[in-house]
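As written, the chain order gives the labels A, B, C and D, with residue 1 at the start of each chain.
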């Protein structure tokens, strides 16, 4: 039709198109985590900076969940929409993703979360500055650090905090495995992100009180680091009895337990183990949540 | 491809895989009820322990409903996702499940609910301890027993309480039957759990005031027993004029009435009774909600 | 397989099965409207009787909408799930339902709504009695009449009230026509009820302030009559400057306008008018929302 | 069957049916934007005029989002359901719509939004008049101008305000492109409007605090002009340091950036660029969101 335009377009495209599948997946995970942090932590920001007038527990829980939904819709077809090192860890451990990809996925997730925190800081710069007379505080009623990272409730011991993150992430992964298990009830193709969104709503409505239900090392550590550098200071790491490492390590442990429970209690008992499908899948297509256990 | 690995994997799997369909279904119902209680009662816990700051009627109703949704996604393809003795009772009575399975299903449901209550107690141990100065109370503004089991409103007579549980469960089963009736409007396959979730949202928004809308003997009795043992004391059974038996017996009665209404008013009048489908279904596949009436 | 049982079952069924399609549809509309009133007005009841502690605008709007969703899932495959005389009126007027069915549909809807109001009164009898010291009031902070029927805001003139009901029902029907128009974007089959539920959420969130957004003569008049008889007295009819007839007449007018706008602006311009489909549809299958305009 | 009636009907239809595809699309965009403003701004009206008793941030965010959903269901099959000049601009820029249609789409959107604002003013005329003793105010606790158009938060600088509109619309378009990208994860056909609704919920929950998250020149400018003429006065344009042009220009910039990010990061790397589909699409079918980049 328009051959000149077409050719020029193709050649310009060719220069931009990524040949490497790993490069595509890495950039996709970066973008997905970026979206999750801006829209997810943004929901927290709106509630806190408006002192509850334009947001609360409902908009935070729904907002963060739908931020994850949207991040998966943008990245799911390319990188599987992990946007969470604990998910990538479980995928590798259960044979669903090759280990050499793991550092690229996780690196992209941490960078994307950091970039998201910085962007959100920019969008709400005026609001943050006016909120506490120009101060960026970690504790008290004018605190804003918990917009970005999670902090424990005053009553919470470190033991309970660790158990909390393990159990919450355990439920997350166990049910994510169910949602993508086509031999179980089966969420219709293309609606899995919304089922995951509903899952995040219920987990953050039920297990969110202890410490905000991070369930994701990248979602918590990168924005925390950003706040440390952006003016809240490195007390963001010492706060809550050095709480910072709990939402980093706990989710990794919980993800493995959750995956294991689903596999042992439900997955391996399916009448048709469908091994051909699994092999083919892991060779040709991008890594997704579908579970292929090789013990 | 990797024959050695594959063979080793299969032999290890073989040792773990359950041969008996009934064993699979029993463990599935255990897990499903466990999930429902941790995430469902967890939504109540978050609202109460935060004194309304991080939860309220919206997060409780949505959280409990989505806990049921997730429990069904995890277990629906294996055991049908009853997670409720009243549902299993109706399924048996309407010829949809064989009676010999009934005690296994119900046993698993009661055990799963008990384990769920214990797990939730563990997750919120610090929160429960700090809430009322270390006391575990049943009545008053510092009460926490209603996190686990339901209690009647002060105004409620036993007659009205019983009618309440009968009518609520009647609506539950009547509409669950409609949701799984492929000869009616038909929820798309794989989305039935979400339709059930929406159903639970509306029932708990409309018929939840009298006594918290348990509609499920296992959901109510097992956590109540747990609280009796865990420190709240056996007054959890005498409270509300010995209310405890109402959410146990009422739902069984209501489930039968609800199923009967749907069958008599809608189901039997369908032009094509589709008897082959029903027979085949009950022989080969796991029991699900689909209705096959044999009168 | 079990021939004796089967024969006995069939003969018992035969005695109960309705031969007449109209009888089936009538009883289906009765049940659907009954469900809508118990669960829908029940959501209002829970909010009012708890003085906002266990319900509010969110649970009312979501609850009433999901009550409609569930009523349509129960009845949609049999009678089309009108559960609203204004919808049935528009269906007849636009050639989608034969006029001789109209009185049966509407009669069933009015009776179902009355039965629903009576059932709800029974379920919340203790609550209603204790709410205002045994009095059943129409105005004031202890009023409970608006659990059942709608009343106008104090500022509202009769002209504005009538326009309000016309416009709200206009939007309802216009968008319902779009939701069931397979030649437009098209809601997936089996999810139309949920799309209608979302529609009712937005209409009651945006146009509900003036007079509670009844949009349905049966939903409003039958429960109002019930309250008149049950103890609130016939002031329920004179209240609000004899407001009672507005949610009866307004929706009928609005439904016609809404259907007409959709047909004139969108429907008739579709490139493929598909007339065979329309004819065949109206002969053989139960009446549903699908639009077939014969001008 | 009824030949006389049929012929008469067809001839009457023929006179009304629009031959021109552009005329259909223009009238469709008018209707869609009209629906969005009445139901969307109506949700704001209900919250403000009831002083929070019958609406709040949840009903506003959900109401506006579902207003967009319903507008897309009504218009999506005809004109693609842009209902936003920024969306139409991006569609033209990325080769998805021909530029000659642009002024018709945008004109229809501005007119539809103006008509919607006028209709909403009529529906809530009594409410608006009684709210502030007959005065129509722009600032203060009795202000009602922000029912129709958006105004910035007191803390917000013009620079931050502009960045806010750019970033919010960037996320809107980036994710809308993903939702309609059939080579990505893929929302099931017919459910894209609901995914967009969820997207609008999260954006207005997270990025709505600065200035109400208009993201749409027609949604903001036309109702603002209406308020200027209807009695609020032309201070609606000077308020907020002449804020009015920000939700007009910002979204156009953000839409382009958002589309560009999606294309460069995700779209062009898909293994199968499917060029035939794109060409065919742009020739024969009405313009929809599907992305066809010609660089």
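FYI, a residue touches a chain if its C-beta (ideal position, glycine included) is under 8 Å from a C-beta of that chain, and two chains touch if they have at least 3 such contacts.
These numbers come from a predicted model, not from an experiment.
Homomeric contact chain B/chain C is classed as different-residue, with under half of its interface positions used by both copies. Using the average of C-alpha coordinates as each chain's centre, B ends up farthest from chain D. Chain C maps onto chain D through a rotation of 90°, based on Cα atoms and reported in steps of 5. A separation of 29 Å divides the Cα centre of chain A from that of chain B. Touching two or more other chains at once are residues 58, 188, 191 of chain C. Listing the residues of chain D that touch chain A in their complex gives 57-58, 61, 153-157, 160, 163-164, 167, 171, 174-175, 178-179, 181, 183-188, 191, 195, 198-199, 201-203, 205-210, 261-262, 264-266, 268-269, 273, 279, 293-295.
Note for the complex: chain D touches chain C at residues 1-2, 5-6, 8-9, 12-13, 16-18, 24, 27-28, 31, 35, 38-43, 45-46, 49-50, 53-56, 58-60, 62-63, 66-67, 69-70, 72-78, 81, 119, 122-127, 129-130, 188-194, 197.
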